[in-house]
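A, B and C label the chains in the order they appear, each numbered from 1.
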Amino acid sequence: MKNKVFKNIFIAFVFLFLYLPIIILVLYSFNSSKMNIIFEHFTLDWYKNLFDNRELLMAFFNTMLIAITSTVISTVVGVIGAVGLKKYNFPFKNLINNLLYIPIVIPEIVLGISLLSIYTLMKLELGLFTIILSHIAFSIPFVVVSVRSTLNDRLKTYEEAAHDLGASNFKTFFKITLPQIKPGAVSGAILAFTLSLDDVVISYFTAGPGSNTLPLKIYSIIKTGITPDVNALTTLMLLVTIIVLTTTAFIQGRKIMEAAK
Amino acid sequence: MKKVIVLMIVIFLLSGCSSGSSYKGVVNVLNWTSYIPDNVIKDFEDEYNIKVNYGTYSSNEELLAKISSSKEGTYDVIFPSDYMVELLISKGLLQKIDKNKLSNSVNVDRTFLNQTYDMSNDYSLPFLSTIVVMAVNRNHLKDNISSYNDLLNEKYKNNIVLIDDQRIIIGMALLAKGYDMNDTNIYHLDEAKEWLLDLKDNVKAYDSDSPKTFFITEEADIGIMWHAEAEIAKEENPNIEIIYPSEGHAISTDNYTIVKGAKNINNAYLFINYLMRKEVALKITEEYPYISPLKITQKSKVSVDHVFSKGFYVKNIGLDIKNYDKLWADIK
Amino acid sequence: MKKNNLFKFICLTPVIVYAILLILLPLVYILFLSFCESDSYGGIIYHFTLSNYFTIFDITYVKIFLKSSLIALSSTFLCILISYPFSIFLRDKSEKTRNLMIKLVMVPFLTNSLIRTYGWIVLLRKTGIINSALINLNIIDHPLNLMYNNLGIVIGMTYTLLPFMILPVSSAVFKIDQSLIEAARDLGAGPISIFRKIIVPETISGVFNGSLMVFIPAIGYFFIADILGGGKAMIIGNLIKNQFLTARNWPLGSAISIFLIIVTFGLVQIYKKLGGKLDDLGGM
């Protein structure tokens, strides 16, 4: 019995460690003091102020634009790429396969500076475009890996059957393959989206004028002390993510229940 | 997926509308972090109907990296410090300034003009100046501190915050040792390194963006920082005393310059001329108490005479920078 | 047949173009840069030299590598120390609770990592929440130095990278066959020997997977070293960043990066030897 209590206390401590900074962040978004040092009294002013802070909103807007664009592109390329790489043989296939692991394993900073170097070499203007390109660069491999885990032998049999019945490659892809690999594609896309939303290192090297992202904006003000309107914005973002996550979990749960009937 | 694509298109359209219809022009500005208050920028945008694309950097080297690695025409106005002005001129990255287009340049105090980094101000005009000072929290420390060498006292263990700038800090060590702030003699640099290693245990942190925060939260009691930062800290915490080190100090003057190949030259002149208005300078120095080179009532309490009589500019030292860089890695 | 080729073309072209343009080319280019010289103001002189590689073995830089590795290793070790008991204790729960708990581990990581790091400043500083609490409880007289030192960096890295350890370790621990453990228990094995003889061997590749995903970012996350280390300790990430943005010595920065890539590949080889699959590295 004692043993069990100890185990639960340990688990609780791990969660305390994980959530403490978040609790602080949410708490201080309701604090009337500007300094994030002592808690004065409750206020909702920062949530109102948020909508007057143009630079912060612009950074938020850029971040969303980058995350959505890079997620869509890397999901499409990653999904069809994973299918193609599984299905077909071609010269240097091994090389391409191995190249895809590189962004996953090497330190982000190395990818960041090498992309910066190549953009400079090609005289590409640093800005939203280069950030999107860079986010695509680190997202595709995660999508490919995630999709690949759902490409199994059973799927291959289905595809062959569809083929034998006269379905074209495209038809097979949309009717058979895509529905099967959907979970992998979705989790790959979610991963790409979260990685993009939170990226500091790679954006730091590949951003230009007028392309400040939320993480970069926060990085530039973090030492001066973050004003509570930033806390308010992240609290709202957190709230939205939690709502999305719980509703999808709920819908999935209901589907499973219905299927069980 | 369809919804995502639709959402994306909507966002694209919205962004097109917001930037396309309301402004008649843009100016691409790259400036130091926390330097011009937001409302000053906004007033300019409203008055001239020109959008300011505002990017920031936290060191001259970062600025240089951004300028030299980006395509020509990416930036219009930048605010390099003295030695960086000289370097940017020598690399051909700046264009000459036509003072006829800057009617407010008559407001500039002549003491700030014709400095060594741009002898006849062909490429630059001073924007704001500041000097390095020591700040001491008198609530906790009563000792007599007047020289950089006083910082070596073992009592101050883990109690000093320094600007995160290799030229300024190595320059401070050279001044403490009685050498020139821009000395490149390797034996002198070795002595400077020893001095900094002696200091190391006393250093709480290096911070270039906001050493003042350390004072406000009473995290450290002594700081080597820019005068303007020290004054802001003093406003929050009146126990802070500002001390001018006996060996002298580094001066830093940031300048208006226009980048070569700038696409929005006229807007750039409008922006600079706007910032050179006395009332705008007052607004800026009210929020950030730097020394304005304009003939206005300074908020900063340091006298212009003191700035130049004991002050030294950081100078370009060519390839010797590699020795400085290595020294910096050694002491960190 | 022609249609077949079209499908193949559409599937493969984007991913191949991507792999060549955005992975291979940049890496080949920094490999090339690492053999160039730099002039004093950030320019690159296209003249072959090995001097950048000699420079990184200079004692100054070797010290930074060692310090940075030590910080990363400590963080990795702390992550293992938290993840193992956490996963083993969770094993006893029902599958539903387990899944929920693992999801809850992920939720904080959907908020901005810098904001969370900032939360640690509020907690750790001299006048921060932890110190104030300890002083008010009369546990300590003087505030502890919890940040602006290496300890602060290790706390920040451990916090930021913990889920990358918990996920592979817990999934490995959950997979262990319960009958194996029960059989060992019947034969009189205590918890320690069960851990040593069964749990460790069964989960070693998961642990190494997690260690890779913690150690490698931990040598590069310069922003954590900046914010929680007070700019005092340079880690390899700061060193590379400085070469590219402040010291204006791209060739040296490239050489350090190439060196890092080689170290990374070495670690991945060990991981593969331990029976790890490359695909598991990216799976979250």
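Here, a contact is a pair of C-beta atoms (placed from the backbone, for glycine too) under 8 Å apart; a residue touches a chain by one contact, two chains touch by 3 or more.
Computed from a predicted structure; not experimentally measured.
The chains that touch subunit B as well as subunit C are A. The chain pair with more C-beta contacts between its two chains, of A-B and A-C, is A-C. Taking each chain's centre as the mean of its CA atoms, B is the chain most distant from subunit C. Centre-to-centre separation between subunit A and subunit B, using Cα means, comes to 36 Å. One inter-chain figure worth recording: subunit A and subunit C are separated by 17 Å, centre to centre, where each centre is the mean of the chain's CA atoms.
Contact of a single residue of subunit C with at least two other chains is seen at positions 127, 244. Subunit B has residues 207, 217 in contact with two or more other chains. Listed for subunit A are residues 37, 116, 223, each touching two or more other chains. Those residues of subunit B that touch subunit C in the complex are listed here as 59, 61-62, 64-65, 68, 87, 90-91, 158, 161, 164, 166, 203-208, 217-219, 318-319, 321-322, 325-326, 329-330, 332. Of all residues in subunit A, those touching subunit C in their complex are 7-8, 10-11, 14-15, 17-22, 24-25, 28, 36-37, 76-78, 80-81, 83-85, 87-88, 90, 96, 99-111, 113-118, 121, 133, 136-137, 140-142, 144-146, 148-149, 168-170, 173, 191, 194, 197-198, 200-201, 204-205, 214-215, 218-219, 222-223, 226, 230-231, 234, 237-238, 241-242, 245, 249. Partner subunit A is touched in their complex by these residues of subunit C: 3-4, 6-8, 10-12, 14-16, 18-20, 22-27, 29-30, 33, 82, 85-86, 89-90, 92, 101, 103-105, 107-123, 127, 129, 159, 162, 212, 216-217, 219-223, 227, 236-237, 240-241, 244, 250, 253-254, 257, 260-261, 264-265, 268, 278-279, 281-284. The touching residues of subunit A, counted against subunit B in their complex, run 35, 37, 54-55, 61, 64-65, 68-69, 71-72, 75, 116, 119-120, 123-127, 208-210, 212, 220-221, 223-225. Within the complex formed with subunit B, the subunit C residues making contact are 39-42, 58, 60-61, 64, 125-127, 145, 148, 230-234, 239, 242, 244-249.
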